[in-house]
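There are two complexes below, and they share subunit A, which is joined by subunit B in the first and by subunit C in the second.
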Partner chain A sequence: MKVRIKAFARFREIIGSENTLEFDDGTSVLSALKSLSEGSKDFRDACFDKEGAVASHVVLMINGKRISGRDREAGVLHDGDELAVFPPVAGG
Partner chain B sequence: MLNENEKERYHRQIMLFGEAGQEKLKTARVVIAGAGGLGCPVATYLAVAGVGYLRIIDHDTVERTNLNRQILHWEKDIGLPKTGSAGEKLMAINPDIEIETVRITIDEETAPGLVRDADAIVDAMDNYPARYLLNHLACKFGIPLFHGAIRGFDGQATTIIPGKTACLSCIFPKAPPKEIFPVIGVTSGMIGMIQANEVLKYILGTGKLLGNRLLIWDGLGSSLETIQVERDPYCTECGHIKGSQMEKLK
Partner chain C sequence: MIRLQQDDFEVGEFIEEARSRGTGAIVTFIGIVRDDGIEGIELEAYHDVAEQELAIIRDEAMREFPLHNVDIIHRTGPLRVGDNIVLIVVSAGHRKEAFLGCEYVIDRLKQTVPIWKKEFRKDGEHWVEGE
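Coming up: the complex of A and B.
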């Protein structure tokens, strides 16, 4: 199945604004993000915490709807989904 | 009532929303929390639009590294308090409005008294702990909060109407790590303009606010998009607020 991963702000600088990747059916959000991070240490450092979990401040959305709680990692992706990863910016 | 000077100064925008709209701006009280990259453009454009009372809060002094984006502070102001520097320029820009400057750190002790009487609070801070405090007080007192944040060529903004829209904690339950952020002045300008535009629309009661929408500006791609956000019913800040309760508070 194909999933489009859309990145914002700093993530976009690291991995580009959009990546369409091929995954096995039933791939989780965590697996999809981990596979992206395999090619980029910078992305891994920015998106994951030291324990290997998705950093708590990173906003995740599937098809424009924000996912929270357990779904942030265990949520299952489907063919044609768009997974958006957004690191809030903090400056002022 | 608008005097003749004001009718002349605001002539081109009175064409948009009438003297009644200009009166609404004249009687509005807006608190701008921060006189930095976002606070400078927000304050400038609210001042020229004729928002009658601006309270500008900041504890910092002007440094040379501020000058690439903080447009109310000039070379001659280095070492001076940002509040005084901003106040001087704003009073020169528009002597018909009232500018109050407060040089103080925004914290749990100082903030309630500084925002309680406001019609709107502008989040022009540079860190999330202070933003969460403003969000807490906005929810507590039922005052709209106009959020903006920047980094590099990227920015974000949203408008929070307590009890009606997602609050800052609904959208960003956890703060990003603290950093000395890279930034270019045009990004502060873009997001500051979005915030000022939202404040003006809110006061005038016109247009569609950024409630339940997070606006994301990508300066390198020259693209703006908004993503839908929604209230978290379990939000620790606003989850308990019902729309009707907020109406009573206002």
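Coming up: the complex of A and C.
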């Protein structure tokens, strides 16, 4: 299946604004983010804490909806999903 | 109206548009690029989602307070000191709800809408930490 990963602000500068990656069906958010971090230490440092969990300040969305709690890692991605990863917002 | 745009906005046009026979108060908020020793800023947005979230905030404000209309225009792209960043125009029958509605919109916008600000200074550039 294909998942589009969009990144913004500091994350965009590290991995680019958009990556479409091929994953096995049932891939979790955590697995997708780990795949992205394999090629980039900077992304790994920005996205994960020292224990290897998704850092608490990182905001994640699937198809434009924030994901929270267990879904931040265990949430399952589907073909055609858009996963967005970004730092806390600072508009206004 | 809810819109993200690169261009500046004409504040007076939105205020005139907000007038109606039942309107007793119009409150506007304009966010401006402040001179903190910066040379300029760049605003980046998750465009479609930011517009969706602005619409949600407008709907929340109109449910929460007896408002007549809420317009939110937020700019993106490179801006200089003194440029407008965001315009919020809230109209209501009375001043109290117009003030409360306007404050609600800007506070929520800063908490949730996926927009980021990068500051450019003589000694380099950095992303503004979100709240």
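One rule holds for everything that comes next: the second predicted complex is superposed on the first by the 88 of 92 C-alpha atoms of A that agree within 3 Å, B and C clash if a C-alpha of one lies under 4 Å from a C-alpha of the other, contacts with A are read in each partner's own complex, and residues count from 1 in each chain.
Just so it is clear, a contact is a pair of C-beta atoms (placed from the backbone, for glycine too) under 8 Å apart; a residue touches a chain by one contact, two chains touch by 3 or more.
What you are looking at is a predicted structure, and each value in this text was computed from that prediction instead of being measured.
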Discussion item. In the overlaid three-chain picture, which partner chain does A:S56 touch, first (subunit B) or second (subunit C), both, or neither?
Written reply: first
Fill in: subunit B versus subunit C as contact partner of A:G64, first or second or both or neither
both
Item to complete: Applying the touch criterion given at the start, work out whether A:C47 contacts subunit B, subunit C, both or neither, answering first, second, both or neither.
Response: neither
Worksheet item: When the two structures are laid over each other on chain A, which of subunit B and subunit C touches more residues of subunit A?
Response: B
Worksheet item: Counting only touches as set out at the top, which of subunit B and subunit C does A:A9 meet: first, second, both, neither?
Response: both
Worksheet item: In the superposed arrangement, which partner chain does A:L83 touch: subunit B (first), subunit C (second), both, or neither?
Response: neither
Worksheet item: Residues on subunit A in contact with subunit B in one complex and with subunit C in the other?
Response: 8-10, 12, 59, 61, 64, 84, 86-92
Worksheet entry | Touching residues (chain side subunit A, partner subunit B) in the complex | 8-10, 12-13, 17, 56-57, 59, 61, 64-66, 68, 84, 86-92
Response to the item:
Listed in rising order, subunit C residues that touch subunit A in their complex are 31, 43-46, 48-50, 52, 74, 85-86, 106, 109-118, 127-131
Worksheet entry | subunit A residues within the subunit C interface of the complex | 6, 8-10, 12, 59, 61, 64, 84, 86-92
Worksheet entry | Interfacial residue positions of subunit B with respect to subunit A in the complex | 34, 36-39, 123-128, 148-152, 154-156, 171-179, 181, 183, 188, 216, 218, 221, 227-230, 232
